[in-house]
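Each in structure tokens, the structures are laid out below.
Each of the two complexes below includes chain A, the first together with chain B, the second together with chain C.
Up next, the complex of A and B:
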């Protein structure tokens, strides 16, 4: 992205005012790691959002609240009760990228291979948007289409709220790559609520191998009310094929990618169930 | 021709300086232009690690960072770690292990290792791998770099009082 100007507002209100005035000639800049790759013919004014006090992680009631400008490495290092976000963050790119790129930058403009939208969809996260005042929306609404739509008027993402997992709730995520730092071939995540060995509720999401991150509702439907055992997980994972449009690439056929996603879902479900039964912290 | 229309002020290797720049100049370009040539340009797209510098103590790719993002921060380059005449501990071990071939990746490797040594107190393999996962070497196959790093870390760990040996930063 070509930058014609670079400004560092001191408050959220100032940042929004500047972005509103700039319109399409302005762009929020967090870590700047994605901006580097964005193609735009006309240069824009970068509005630095890393100096607005938006870098923090706090537990507040039933949620972990993560500031939008929090770098991925901080999320990876953080530890809280039944915390599960560190695993996926550790799997994103390299140490140097994780130190700079932010959770907000990863989800404000979603690229097909982005990992965090998958995890946030499965976790039933909530997103906080500032438009003069703060408003919240569910991950389902937020990721129902390209989130960049929400920020065109100068509004900003300020925080991501992640439910603190209750007892008997478990989470698992799997990212498949060719080598450690590569972009994902398939990323899947699952949240399970168990009661006496039976699945009471399930949220399963996928990304990277499909055009846009999404929940896999047929997989969820095949889980609820059933016993949390491998045979059930396998059958549910097999429903993934019809749940989304799987896309091949890098010499791999769509069918291969679908199979990869299915075994990854199985793995994520096993991990979520193990977590729900009481994982070692 | 670079038209420098803006200024940016940050601490570079302990010295506060103001540089002329423009809004879309990358920190790497500015540093090399200003004589900090130890920081290398490899891929220019955040994958090789040759341009690694420390930003407020954290390893960062200078090829992705806009120079303007460094305002008010502390930047450290390889020049702050060692020189040809006075190499740092890891640099000495790299030479001793014969771990350097073309040498292009080495400043970046050393900066990532510096972040590791200055942040962590326990150097388990998992943590070491995490800090070093953003630096590629196209010559050596990593083995000797790893050997040199292990030696440096083991020395540093044994020099520290045992009471301090609890992990504080990155956990697995």
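Up next, the complex of A and C:
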């Protein structure tokens, strides 16, 4: 992708106005790490969104609110009560990339290998979009298709709201890569709510090994109402085959990737259960 | 004093001085080719073949020539057609002359079609888009079986393809090279065996991945000569090959090698300089060509994939009675290094273990895939995977610990091997005995570091994560005897400093520092008195270049001899100044001192005297060196791994890499080479892979998709330098740079077997391949 101009608006309203005026010739730009992967020969005008006060992490009521322009390295370093986002963030790419790549950039355009959509789906996050005023939507709605549809007319993603996990809630994620800086072969995230050792609610999502990140509803269904034990997790993970279209990659077959995803689901569930029991806080 | 302890008395050698270019590089000073590009240089871009095998029926560059900013276009219609070899080897090369600057035929995806030089990169790229090419597609050859099949498509059907020396070459059969030898009788040896083995192994493609891609800058000097600044391992071969390809006299060309950002063998080829030089001649302008990463993967050189059939017999007492290695490599579309790499699969591997009946047959075939060339390890890496995997199997068959089996069989000091004499590089080898060998001690120290005594047969375990331990013994060579030559000159300056001029080529290895240490040791002065310049075909003496693990051993001895020559002159003038016979003075601490220690003149005094005062002359030493031996460095590698038997992922828990490189001239740099080579090998064994589509196009030509290790992937790595003393090398040194890459693949294969009973005979050990092997082993 080639850039012809670079605009630095001072406020959210100015940024929206500029993007609205530019239409398809404009593009919001934060860390810029996605440029490398974007084809397109027509140069575009970049609208810098890193100076709009959107880089922050705050706990507000039942949510952690993360500004859309917050770099992944800040999320990796942040610590809060029952905070789980640092684990996945420290596994994404390299230090150099994480210092510039933002949470908003990671999810405003969903690449097949993106990890954060998987985590946000499992965590039941809420997304805040500015269209002159702010509106919220669920991760399920936001990630139901490429989010580009939500940003027409210069609208911008401004924040990600992550529910503060309650007691008996547990979160676990698994990112499988060939080496430290590589894209994921499979990313899995799971949120479990336990009551007296029984799974009251479950959200399980996957990405990278499938064309677009999604929740694995058959896996979730196989968990609810059952005991949080390995045998149950295994049985639930086995439902993954039917839950999504697994695709091969990096020279490995779709069948292998499915097996890898099943093991990853099991691992994520074990981690989530351990978290819920209070050990991994 | 034990022989290997000799090195303790050295003052400059066996010391970890700081690399002499460290500060310059750390501060980001102009150092590399791209740092020297004038602002008005033309930018070169190449139109690469999208087809693996095709004839160009029509090529129209007329539109491109008229595009804005375009200064010249090169294609087969406007350049000389001269068959040559791009590999920078000895001369004449033991490789076919099968390459043309541009040709009417393309032989792999990434072959040259036409090139543009324009004012900007954008203009050059735009011009490439309007070049019209009509191809006649030919049936491609992608596997060794397809290449060898009767009636296979002929990749080099041009009349000019030939070999410059009498060696087997049959392009009509796609056969690039064939070499065979037998010592004793394999058949007779096999009959004596209690256990017989016959297995076939496959090794994969890989790229060297230097941080600095291929880069070449050509300019026309005011004198009209062509001045090439290039990222090369072989400046003198570059000059010779460019002269041939352009049909201009060698005299007209100057090649300068500045600092280099890594080579590992891939820059032992002339892949850019003929084009940059031709554009400079055509335009009179400075012309820059730099490969991007994708081009480095697709068009740059790679490691030869091998298929190796290994047969062997062993007696119950551990005697290896017979070995037969049949090695076939895929050299890709062009044949440089095809013969030498397959020869080294035998010559650098088979001498390691005692055996009286050894047979070797090596072949190299063309395919329509990326071109293979020199790569650290050079055939030995591939063959050691087979050999060291089979060593473990033989040990198991006779119920012996695999370490003990190696200990009773490995070659020792004073011993020879018929293979040394039988297999050379393009001709017979040189008979030799091993002069220095600390392999026994390498094994002992490595075993202790990995805790080999705790190793058990863990195949019966059933848990998800299983541990295993494996090992391998390795060797390489140091220079190519009777073929390679290095030379150096050294002259004194007013203040007692010295200019050391070498044709040897520091690629980032630290060889300039090592050579300075050797010169300083011989001259009894300090390393920081050396101003090293390498390499420049106008100014420095000849050297074949940085390859075949030769710089420290070969060029280092040339430097030592040149320094000894200068020292002789210093002693002569010092004695004259002191009014003493030369027998009564010695050199010490940058001065000439009388035997009774009462009188001294410093090197600075001697320089000023000899340059300005009396009987003036330039104190200058010069020397050349060829070697009669290629003393092997030895290594023993050990690893403990953890295998996830549900996913097939391998985690390296601990890796011990021992090495006997003779005297480590600079121990820290030797450790760096060993650690780098070992990691390079680990990455090759586990994660690096060329993935092709059905049309022979590499699919993962970027660092996002081709998984080479970064420092974050580095497992716990224990490097142990085990000293020995090689009498034929400078201050006891032999080579260090290649041998360490040979270990990881067989070590992991053996450890995987120890952990799970799964025996893999091909790599990389991708999780899917490992999982499949584990499941197959479980079924048994």
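Note that the second predicted complex is superposed on the first by the 279 of 281 C-alpha atoms of A that agree within 3 Å, B and C clash if a C-alpha of one lies under 4 Å from a C-alpha of the other, contacts with A are read in each partner's own complex, and residues count from 1 in each chain.
Convention: a contact is a pair of C-beta atoms (placed from the backbone, for glycine too) under 8 Å apart; a residue touches a chain by one contact, two chains touch by 3 or more.
Everything quoted here is computed from the prediction, not taken from an experiment.
In the superposed model, A:33 lies in contact with chain B only, and not with chain C.
In the superposition on chain A, A:208 makes contact with neither chain B nor chain C. In the superposition on chain A, contact of A:256 is made with chain C only, not with chain B. In the superposition on chain A, A:5 contacts chain B only, with no contact to chain C. Of the two partners chain B and chain C, more residues of chain A are touched by B. When the two structures are aligned on the shared chain, A:96 is found in touch with chain B, with no touch to chain C. In the superposed model, A:70 makes contact with neither chain B nor chain C.
By the touch criterion defined above, A:180 lies against chain B and chain C together after alignment on the C-alpha atoms of chain A.
In the superposition on chain A, the residues of chain A touched by chain B in one structure and by chain C in the other are 94, 180-181. Chain A contributes residues 94, 176, 178-183, 250-253, 256, 259-260, 263 to its touches with chain C in the complex. Interface residues of chain A, counted against chain B in their complex, comprise 1-6, 8, 29, 32-33, 36-37, 43, 45-46, 48, 50, 73, 76-77, 79, 86, 90, 93-97, 99-100, 180-181. Taken in their complex, chain C has these residues touching chain A: 646-647, 649, 683, 687, 689, 691, 700, 704-705, 707-710, 712-713, 766-768, 771. Chain B contributes residues 6, 23-24, 45-47, 49, 52, 55, 58-61, 64-66, 68-69, 71, 112, 130-134, 169-172 to its touches with chain A in the complex.
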